[in-house]
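Below are the structure tokens for one structure; questions will follow.
First chain written, first letter: the chains are A, B, C and D, and each begins at residue 1.
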Amino acid sequence: ITADTSKWPSTFSFGKVATEQQIDSVAIAILPNGTGLPPGLGTPKEGNVIYITKCASCHGANGKAAAGEKLPAPELASDSISKIKTIGNYWPYATTIFDYVRRAMPYNAPGSLTNNEVYSITAYLLSANNIIKPDMVINAHNLYKINMPARKLFIPDDRRGGPEVR
Amino acid sequence: LQSSLTKWVQTAGAQTLIKNGDPTKITGAGPSTVGKRSLFEKPVRLTSDTSSRTPLQDLYGTITPSDLHYERHHAGVPVIDPDKYELLIHGMVGKPMVFKLSDLKRFPSVTRTCFLECSGNFRTSKETMTPQEICGLTSQSEWTGVMLSTLFREVGVEPKATWFLAEGSDAALLTRSIPVKKGWDDAMIVYAQNGEAIRPEQGYPARLLLPGWEGNTNVKWIRRVELSDQPFMTREETSKYTYPVKDKIRQFSFEMDARSIITYPAYPNQLERGWVEIRGIAWSGRGKIIKVEVSTDAGKSWNATNLQEPVLDKAHTYFRHLWQWRGDETEILSRAIDETNYIQPTLRQLIEARGISASGYHMNPITAWQIKRDGKVLFKPESFK
Amino acid sequence: LQSSLTKWVQTAGAQTLIKNGDPTKITGAGPSTVGKRSLFEKPVRLTSDTSSRTPLQDLYGTITPSDLHYERHHAGVPVIDPDKYELLIHGMVGKPMVFKLSDLKRFPSVTRTCFLECSGNFRTSKETMTPQEICGLTSQSEWTGVMLSTLFREVGVEPKATWFLAEGSDAALLTRSIPVKKGWDDAMIVYAQNGEAIRPEQGYPARLLLPGWEGNTNVKWIRRVELSDQPFMTREETSKYTYPVKDKIRQFSFEMDARSIITYPAYPNQLERGWVEIRGIAWSGRGKIIKVEVSTDAGKSWNATNLQEPVLDKAHTYFRHLWQWRGDETEILSRAIDETNYIQPTLRQLIEARGISASGYHMNPITAWQIKRDGKVLFKPESFK
Amino acid sequence: ITADTSKWPSTFSFGKVATEQQIDSVAIAILPNGTGLPPGLGTPKEGNVIYITKCASCHGANGKAAAGEKLPAPELASDSISKIKTIGNYWPYATTIFDYVRRAMPYNAPGSLTNNEVYSITAYLLSANNIIKPDMVINAHNLYKINMPARKLFIPDDRRGGPEVR
């Protein structure tokens, strides 16, 4: 699967140079260092209101299933005894919450939230997982600095190839 | 008068429903624009809300019919107009560019056959499980498209770029971070599958193909590639597609380790005494399969099998082994060995290596089938928690 | 509550018809038991009363989707119940035998990819002809079945048997006489195509496969093989599939000679100035393709092309050649060279060799495409009578 | 595509030995030496009657298209000036007519003719092509002996493989 590119032209000139506007309209990804976070802000309290209206029907009242309840979507918050993987005990970067919710949630209306709504929901979920205080204001300058408990557990693939089962 | 033959032929067309007539006495239906399966064959995928499994036990050879390719979606199958489709490549590049589908098709193209497998392709519970239920989240196609390296060359990827983000245009805007090295190595943007346009469930009109890497990284309906000097830590590479290994969580576990499964005889086959050709598929995300061994005595001894040529890199490889079954109760097993000399492990070996909290991701244990005295073939479930 | 997600997913299913919505904002349809083509892709065979042609210009790579495989029937497509199907092998054998489909599937099996081509696959008339119209009676599949030699061994073919009759169970009870040597060499009884049960139009539940030999000899829906010490001189090998060569009539002309066709750019493509990857398929019934050459100056000079690996025996081989079109009027041509060093001839060479009464059977001339100054691509018809 | 059969059993014992009856019910092929021709007989005259009822609608009144007519099926008889390939100028063996008509014609009702009907139609077609006299009786003992004009033209494939275009 390697082509002999020695006779290729330096450019085929297919396609067009992307304009800044074209890029900005879709380049919504956020890096763990906060690059890409938009202006705006949010609080757990406002997030809670939005969460109840737009998220709770699938993810449970507080991001948790009541006893015996089977949710159609993953639980999002955990207490210390929970074995279920949630933001609190499994997510290594707070920026991922903002990025994911903005692109994919609510499941039935993805891309419908304003940046402020996403900041608020992110703040609410972090608070519900006891990671931030219930009155913290979240924005582009502090979200990426939040220390996530699971961060220290993550290691890049340590399989080494070859005969070893790992 | 020409039309009188046409009439006969068309009348005959209505007779396809006559299942019990002598086919040598009934003029058959004429040619059609698009063919259909025999009325007697109904292979189907097994569906859940978010996935469907290939009926491995119904298949022969190495190609998966495109309409039976496994599925795993995170927000369903989008409808994409190919004339509106665009792929943006930007970030750490000399020249950010937008390619229409017709642009992608103009570049030098490559065709290759390889498997795809969901890294969550592992189930074990009861004895009455088919290959499809145990292991149906893998399929194989012949893919055609443009090498990602060709596009990297065109946009001028900067040397400091070490990762790229691949983003789908489904309702999940699914994103994965991929090392740039894979992009230069054998990654492709493919627009064709098994000879024709890629199917909607496999990413129409174009998807990322990362031969040998976990299914989820092969981003479907790809709309954007962003070059960066670090991974983006998206939800799919943190909350999902990571797994506990002892006291750590393994991330960016891309390659699918070698695996195999016997697809015949398997549940629900009924075995007859005498000669049996044991058949199955083996594959590895790390290169070619060099050997598949089969045991017909519950793992005590192992026999080399015949591998169907051509054996391709990172591809389902069909294996066969002739065996005489005299009616004794036994277990039959297969294990794949790839060109890195990795030997497909047992479940016990995997748990030993990863600890008891091992999840269902990247589990590739040997699958055993129990042969009962009456010829019943049953899966041998193994508890794994 | 689980059902609320199911409901969202199902509601989303109805939205597949929304062609104009932003796919990133609409949850897509969930997984399905059997997939479908994109609403935007409608490849079709071109049908006549007795044949249909593969849309070569719409395809990529080497596999023909099974539902687009060319057809040529002599009494339509029979409906055959696989449970009632039987193959009889008799005549000059030690032990005449009957095999059910399930028996055939128990024998050691083999998978191979090869082309089929109707020996009448040749048309030339007007400039506005597509590859499908010129050359669409060839397709390629991955076939699985039992070697005919395995069955010959089982019935004990007598040494004096030199020919066998193959008989279909269609309403034509189509019959051809085949040298036993081919039976021992690489003939197969195949029951699977591209991973699944063979399609009705290709001979469900089983057909004869004679790699490299004219399509008609690959008897579909095969029900009977009769060993003999002479050919039967059936209608298909006397009145049909024979052709005048000078003052004689050539019979039992089995092998398909090497051939190729450029499928892109071809009519009705509209060429744009700049770099063009010329693409096409080449094949030979006598072995592997070793070289395909392309001329972009109407046959004055020839360039080697890239052959897509793996290059298989008696198989469609994809070729590609990078060319810079500066807007000049020209003709582009391809010629296949196989491992016997046969070079695909021009129509003139064929007529010289066979005389002016040459018929349409076994015609494999070089196909030329005219490139007009405005980028129109037109077939170059050549009068042949 | 060659298997290592050295470890194979001498027989796999799949399938069943065919009974004589099973064979006889389907083994209808006829060799050019007459082997396989069934008992029975026919004449051009009787064949003509059957032909008009069961064949003429597709193959033309006398196996020929009238001027300007386009038949839905091949012409079956030719005169000396015809360039169309028919039984008279192109078929090398008379046995092929019997074999083919019995298995495949009439197109809309294949396998519906009795052996005597097939003998008669064969006789009729031979006569219509001026190969036999209009009063000849055709049966298993003389059909294969009939001399077909085109026989001498047929040669087995004389391509020799290799570079030669032939």
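Here is the rule we go by: contacts are C-beta pairs under 8 Å (C-beta built on N, C-alpha and C of every residue); 3 or more make two chains touch, one makes a residue touch a chain.
Everything numeric here is computed off the predicted structure, so don't read it as measured data.
With centres taken as mean Cα positions, subunit D sits 75 Å from subunit A. Look at where the CA atoms of subunit A average out and do the same for subunit C: the two points lie 50 Å apart.
As a whole-number value, the distance joining the C-alpha centres of subunit B and subunit C reads 26 Å.
Shown for subunit B are the residues in touch with two or more other chains, namely 5-6, 24-25, 27, 75, 106-108, 110, 171, 173, 275, 322. Shared interface positions of subunit D, defined as residues touching 2 or more other chains, are 3, 8, 12, 14, 103, 107, 110-111. Shown here, the protein chains touch in an arrangement that is not a line, ring, star or fully connected set. Looking at which chains touch one another, you get A-B, A-C, B-C, B-D, C-D. Of all residues in subunit C, only 1-6, 8, 22, 24-25, 27, 274-275, 306, 322, 324 touch subunit A in the complex they form. On the side of subunit B, the complex with subunit A involves touching residues 74-75, 88-91, 95-100, 103-104, 106-108, 110, 112, 147, 150, 153-154, 165, 167, 171-175, 186, 211, 223-224, 226, 228, 230, 232-235, 238-239, 242, 245, 247-255, 257, 286, 313, 340-343, 345, 349-350, 353-354. Here subunit A touches subunit B in the complex through residues 1, 3, 5, 8, 11-12, 14-18, 22-23, 26-33, 85, 87, 90-93, 95-96, 99-100, 103-104, 107, 110-111, 150, 153-159, 161-166, going by the rule given at the top. Residue ranges on subunit B touching subunit C, taken from their complex, read 5-6, 9, 12-13, 15-21, 23-41, 43-52, 58-69, 71, 73, 75-83, 106-111, 142-144, 169-171, 173, 191-192, 194-197, 199-201, 204-205, 221, 272, 275-277, 279, 308, 310, 312, 318, 320, 322.
Interface residues of subunit D facing subunit B in the complex, by the touch rule stated above, are 3-4, 7-9, 12-14, 57-58, 69-73, 103, 107-112.
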